[in-house]
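Both complexes shown next keep subunit A, but they swap its partner, so subunit B is in the first and subunit C is in the second.
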Partner chain A sequence: MNFLGSFLTPQGVATAAFFMVVGMTIVGALIAVAARNIFHNVLGLVLALIGVAGLFLYLNSPFVALMEILIYVGAICIAICFAIMLSEPMYLPRPPRKLTKILGAAAGAGLIFVFLFLLTKKTTWVPAAQRSTDWSVTTIGHYLLTNYALIFEVVSLLLLVAMLGAIVIARGGRGSS
Partner chain B sequence: MDVLTHSLGSEGVRMIVGLIGVIALVSVNALFLIWMERKVAAHMQLRPGPMEVGPHGAIQTVCDAVKLMGKELITPEEVDKPIYYLAPIVVFLPVLLTFLVIPFSQTMVIKDLNVGIILILAFSSLSVLAILMAGWSSKNKYSVFGAIRSVAQNIAYEIPLLITVMSVILMVGSFKLTDIVVAQSRYWFILVQPLAFILYIICATAETNRTPFDLPEAESELVAGFHTEYSGMRFALFFLAEYTNMFIVSAVATVLFLGGWHGPILPGAIWFLLKVYALIFLIMWFRWTFPRVRFDQLVTFAWKILIPLSFVNLLLTALALKIF
Partner chain C sequence: MLVFNHLETYLYLALVLFAIGLYGVLARRSLIAILISVELILNAASINFMAFNRFLAPHPAVGQVITLFIMAVAAAEAAIALSIIVAVYRKLKSINIEHATELRG
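Here is the complex of A and B:
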């Protein structure tokens, strides 16, 4: 009972929760990259994204965490699954991975990692306790239309590009078959 | 218990008690709803339905549940095992989590989060993923077809659902479910948002895969759709999740449009449950009134009628709020 009591301190629970969500994120990301079955890749991505949502929750941002689940898991991952089911059959043998592809992907990921690392070093971080915890609709709306308007627009541009890309790929497939 | 109260606080104990209550409610609700569905179906077809076990067959579903628990769990040879085993769990967990924020009365809510309505929408979108996992891992063409249909349907109907919910949130200015109910103490929102209510009910019927939108499990063409290869308790979990989902969409409709726990004389929780079961009866009524739609009709209806209408409703709401 004493052992249980010492483990069940708020700090203990918080640390355990933190390592659990970090573990989920990393394991999910590894499955997403390493598995050879494309459906398993997507499920790994889902696990990683839920882990990231857990991190947001840990940082006291429930709104962002739930949006992560709603948009990324609920919409994007499911759209990816849908695309997979409509593409080539999964029972066909898959060719082995090309070394150049792996190296290229590793280089791209490395560059992003360096960029994010430098960014995190430059940013001055405010502890969660000192940040505003006002998550009312009005505040979020104001932020989206003032401080973060540019980011909001850039994201919509990205979606437009993705949509155009999907149309181009789909049309190409229709013409050749 | 002392250690628990000391380390988790009264909040933690409230969570544990709430969770036990939710699990009890989910199982009893499912048993009741299956019996209700059979009775409603029977009476609409001028026959009595189950009558043998208990008064008016009330214990019939309990016997069915015991039978399902005793059944062998068959795992087909070719299935993708980890995903096949995970799918019934993934379908059930988010359903339990959504009960965290549902306000049965002013005080009967486990955790009244600021982002309550988003929590319900986010977690109910996970059930599609479970259907996809079940359908795909079964390695059966009927299952895969059921899963594909389910995804296309859910993507199409989730958009008008979200936009419709947004027009109510615009009126209240809060994602908190209790705030939404409190805002309806003078009049129910169904009076000022009739179009939104109709849109919501249509989308909710589609999201829960009920007839006329039950294409993912259309028994006359797809055997049983995504759960064809499941048996025993695994199949029962899908069933349980489906009926609980029906309860949740009705509860959300009650909160958004029917004034939640508000009502004269009777206590709030009773009013809440009465409204929820009235809506569930409405959804069951649909099943014996409308024939199943064809798939292209289903998707066209969502993209060409429901989504524009929900946007019009949102714009009108915003305009009305600006003017008045």
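Here is the complex of A and C:
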């Protein structure tokens, strides 16, 4: 009863939801790299990205969480689905992967994981002396159009160039040009 | 102190996500699977930016702005990468990176 009582407080419910979001992120990421079927990989990526959006909610940023779902889940994952449909058929048999290469990749990723883990563990993080408490979307918009206006414009140019480049590359010699 | 009010929780989570993505980039051979893994790595970077923004930064909007820029660059990267994948498939009839060896000396 005591355990149940401590779980049913708002903090307990928030903690349980946090662990659910963390589990979604990690399980989705594992599906995204480990499943053999490429379509299951995309679905795992969707699960992981929704989990990351939940983490952004816990980090006080609902706007960025919505943008995460809109851009990643809504645009990038759908584009990947189209690329799957336009490329290799999924019913073709895939040759089995070599175990040595798998182990080599796991060892490389594991080494970097241990290095960064120790680095994170040894560092003491110092917050800024004076912290503003302004989290609002208005402030984000203000920053985008004043301090970061140049980067904003460069990113819009980058998106335009990427769009044109994608069209030119994917046309691939068809047409009269 | 609640577990989701610690900076280290988010840093370790982003680290796990980064390691999983790195393993995917190294181990998978399909170009689309590699692109999916790269998206995981970019998301790990976004989580780090947002966590530092939440717990350390003097202005809590700056990290959100940078995360939005990461998303825009990831969208551009995905568009280019997917068009390259379609072009490679049209040329080689395969998206396995081990078949793309035309530049081998």
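Brief remarks on what is shown
We take it that the second predicted complex is superposed on the first by the 97 of 177 C-alpha atoms of A that agree within 3 Å, B and C clash if a C-alpha of one lies under 4 Å from a C-alpha of the other, contacts with A are read in each partner's own complex, and residues count from 1 in each chain.
Throughout what follows, a contact is a pair of C-beta atoms (placed from the backbone, for glycine too) under 8 Å apart; a residue touches a chain by one contact, two chains touch by 3 or more.
Not measured: the values here are computed from a predicted model.
In the superposition on chain A, contact is made by A:Ala79 with both subunit B and subunit C. In the superposed pair of complexes, A:Pro62 makes contact with subunit B only, with no contact to subunit C.
Contacts of A:Ala149 after superposition on the shared chain: neither subunit B nor subunit C is touched. By the touch criterion defined above, A:Leu118 reaches neither subunit B nor subunit C.
Comparing subunit C and subunit B on the residues of subunit A they touch gives the larger count to C. Of the two partner chains placed by the overlay, neither subunit B nor subunit C lies in contact with A:Ala16. Looking at the shared chain after the overlay, A:Leu157 reaches neither subunit B nor subunit C.
In the superposition on chain A, A:Gly165 makes contact with subunit C only, while subunit B stays out of contact range. By the document's definition of touching, of the two partners only subunit C reaches A:Pro127; subunit B does not. Shared contact residues on subunit A (touching subunit B in one structure, subunit C in the other): 63, 67, 75, 79, 82, 86, 135-136. By the touch criterion stated above, subunit A contacts subunit B in their complex at residues 1, 4-5, 8-10, 37, 39-40, 43, 46, 62-63, 66-67, 69-70, 73-75, 77-79, 81-82, 85-86, 135-138. Residues of subunit C touching subunit A in their complex: 2-4, 7-8, 10-13, 15-24, 26-30, 32-33, 35-37, 39-40, 43, 46-47, 50-51, 53-62, 64-65, 67-69, 71-80, 82-87, 89-91, 94-95. Across the interface of their complex, subunit A is touched by residues 3-4, 6-8, 80, 83, 113-115, 118-119, 121-123, 125-126, 128-129, 132-133, 136, 144, 147-148, 151-152, 154-155, 158, 169, 173-175 of subunit B.
The touching residues of subunit A, counted against subunit C in their complex, run 11, 14-15, 18-19, 22, 25-26, 29-30, 32-33, 38, 41-42, 45, 48-49, 52, 55-56, 58-61, 63-64, 67-68, 71-72, 75-76, 79-80, 82-84, 86-88, 97, 101-102, 104-106, 108-110, 112-113, 116-117, 120, 125-136, 139-140, 142-144, 148, 151, 155, 158-159, 161-163, 165-167, 169-170, 172.
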